[in-house]
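I've put the structures underneath this note.
Next come two complexes, and both contain subunit A; in the first it sits with subunit B, in the second with subunit C.
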Partner chain A sequence: MAYSEKVIDHYNNPRNVGSLDKNDPGVGTGIVGAPECGDVMKLQIRVDEGVIVDAKFKTFGCGSAIASSSLATEWLKGRTVNEAMQIKNTDIVNELHLPPVKIHCSVLAEDAIKAALEDYRKKHGEQAGTREPAAMERKH
Partner chain B sequence: MGEAWLCPACGAIQPLPDAPDAPGAIDDFACLGFPRHLQLDERLLAERFHERSRLVHPDFFQTKSERERALSLEVSARVNRAYRTLRDPIERMGALIRLETGQREIAAKAPADLVEEIFELQELRERAREQPGDPQLRERLKMEQGALRQRLAELDKELQQLSARWDRAVDGGGADKPALIAAMRDRLSGRQYLINTIDDITITLEGRSDAKDRRH
Partner chain C sequence: MKLPIYMDNHSTTPVDPTVLEAMLPYFTEKFGNAASRNHAFGWEAEAAVDAARQQIAALINADPKEIVFTSGATESDNLALRGIAEMYREKGDHIITTVTEHRAILDTAKRLEKMGFSVTYVPVRADGLVDPDVIKQAITPKTILISAILANNEIGTINPVAEIGTIAKERGILFHSDATQAVGKIPVDVQAMGIDLMSFTAHKMYGPKGIGALYVRRKNPRVRLAPMIDGGGHERGMRSGTLPVPLIVGFGKAADICRQMMPEESKRLTALRDRLRDGIMTQLDETYLNGHPTRRLPNNVNISFAYVEGESLLMGLKDIALSSGSACTSASLEPSYVLKALGVGSELAHSSIRYGLGRFNTEEEVEYVIRRTVEIVTKLREMSPLYEMAKEGIDLSKVEWKGEH
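== the complex of A and B ==
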């Protein structure tokens, strides 16, 4: 199966590989996996004043899973928490031209984003999607 | 059931309603004349398979009409497929889950703590790959792999218990059927994850590099 050029680029030069301190209150961590293929993905965000200022990932899996999470970290930076909630796996599929058999890799990346946002919101005592965190943060 | 494939009046082979959602569709269990049980006697299973294969075998239809010849091929293939699926207890459970849920995907979402654990094991593998000469890392990997194998064995025992409970539920009415199916799905997902990780560790211990996409 041939990978698209964009997948190969992310695979060879993954952006934002690494990790953030998961105990830091400003950091949200999402670890998700796909039992069928055994892939695991960790995605972390650092939030400052409701805006994602940094994102890191580490993925053990195929090229498409690595590319999907690499792309996700690129997209996350600079977005507000609520904007980040809007990222859909189909956006990743379109950007990377993933074939049907690789769509589950993009689903995994979306799950990782959601899990990281959820973790961040939990640390701040909110339910996902119920409050506008940007406004919340600024009141502090 | 097997007799229903042949016309009682003239002995001509009859078509099989095979589409999974067709009314009266024949599932793998019905195809070999079993209720949707998970604990099947292997000998009886093989016996039924041979019996039914003989009944519809294309060799016996060579002198029959073109329609009957085609049907005997079709029905034989169906019987073979049913046997292949039912013969393996895990495949059998997968078939049951598909039938009961109407969904193609068997895997449920992996439990969060298991995913985290596997992530840590993958990091350990990475370290072992980067320092192939480190005996301590090798030992730890072996130990972790042993622990995973132990868990796999326990999981298989649990699956056997679930199978027995399922069969009782089928015989005595479907009181807690959906809960049992959900439990089986959950265990099967965890099982697949354990197997994949055990294999991954073997690859590292043998000093091979990961074949990308081997599972896709």
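== the complex of A and C ==
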């Protein structure tokens, strides 16, 4: 399969790879996907006064999954939490020119964004900084 | 060294220049139909086909009359299974095969099941080998055919076919083997291995695409086969259609070169294979060799790289032609069924890369491939949440993942 130039660019020069401290009250973490399915995305945001000031990702997955999460971190930075909720997987599909077989990568990226925002909100709905990230808490 | 590097020789091989040279006259001045019995053009073509048949038979220790030309191994597999099933139906309706066969066998077996035959798919061991005893236990009074792949196309594992052949003979059951990946690479002897039918193809041994053969035993026992393609009665009625003389000439030449070069070539490739495997596996932790360590084709390396996904790995290795067991590289959503049959977990199946060495690969290329693989795996692990979690001491198998599909 041929990749679009934008996917190749994100794959070769991924933006914002890395991790933030998941226990920091200002950080929201989303981990979605499963290793057996061949994709796992971890997306983290740091929020300051309602604005996302930093975003980081790590992804296990194909080139399109890496590109989708890399793009997501770029888009998240500078947005408010409410604006970030508006990001749709179809926006990612259009920006990266993903073919139909790769649409699930964009869906996963949207899920990761939502999970990170949800984790941040949870922390702030309750006592900040006392909870593990959402995906990890159901560990048995 | 020229880029890109071709290291996907289980998929196909380039035509050896000597093979092409032998073929060329048969497209133009020597264009006759091998079935034309009454002029020199036909005789010339027939002689060329006869010579090729001999070269091919010599490679597998068969009689030239036992070679039936087909369009390739897919057709040979179809013809063997369906031809035997139809011809011997009165005798029985049970077929035994294995879970690591090529799709050409598995899909044909599925079709036969729809037609009322029963098929047993025997499992393989964790190293990919078929256990002959398990085949023996699957035999019923209704069993008419056992089909077992000689060398696997993904993991290069070489099955104990001689033992399976002995079992089949003892029980009066026919034995077919898909030897597509083995012929031309390792010694294949249909007598010593007790093989009654065998599929193989020219394009995996430096010959042209579109020509293959089915070996069909003529003595002890004499195997009969219902044809799938009817017509002019070519190939002793088993496969009608005008013979593609240039392709057959190329197939013959390719077989002849393989026979002559095999001792030296397999030694060279084995050394390259071991260097490739060790070069990668000693520099990277958590890498797993899939398949048997030694009972393996001289040109096959198949490694799973934990925590990185195969397609993204191939994307990083874009100047090297390789293949992966990742679902992302295939049409289906499932990762390699061969690896799963070995008990390799889905996540490691998604992380596998197959390196297929060939006649034209050099030591320098192997060194480059080792270096690039180590670089890319390292880079992708830095980017992998799974690697990070594993390093933190989290047991990934105990995590309940969100969004499993």
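Going forward, the second predicted complex is superposed on the first by the 121 of 140 C-alpha atoms of A that agree within 3 Å, B and C clash if a C-alpha of one lies under 4 Å from a C-alpha of the other, contacts with A are read in each partner's own complex, and residues count from 1 in each chain.
Following the convention adopted for this analysis, a contact is a pair of C-beta atoms (placed from the backbone, for glycine too) under 8 Å apart; a residue touches a chain by one contact, two chains touch by 3 or more.
The structure displayed is predicted, hence computed values, not measured ones.
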Tell me the contact category for A:17 with respect to subunit B and subunit C: first, second, both or neither.
second
Greater residue coverage of subunit A in the superposed arrangement, subunit B or subunit C:
C
Is A:38 in contact with subunit B, with subunit C, with both, or with neither (first, second, both, neither)?
both
Tell me which partner A:108 touches in the superposition: subunit B (first), subunit C (second), both or neither.
second
Counting only touches as set out at the top, which of subunit B and subunit C does A:62 meet: first, second, both, neither?
both
On subunit A, which stretch or stretches are contacted by subunit B in one complex as well as by subunit C in the other?
31-38, 40, 42, 58, 60, 62-63
In the complex of these two chains, what residues of subunit B are touching subunit A?
107-108, 110, 112, 114-116, 118-119, 122-123, 126, 189-190, 192-193, 196-197, 200, 212-213, 215-216
Counting only contacts in the complex, subunit A reaches subunit C at residues 3, 8, 11, 14, 17, 19, 31-42, 58-63, 65-66, 104, 108, 111, 115, 134-136, 138-140
Of all residues in subunit A, which touch subunit B in the complex?
1, 31-38, 40, 42, 58, 60, 62-63, 101-102
Which part of subunit C faces subunit A closely enough to touch in the complex?
307-309, 311-312, 315-316, 326-328, 335, 345-347, 350, 382-388, 396, 398-405
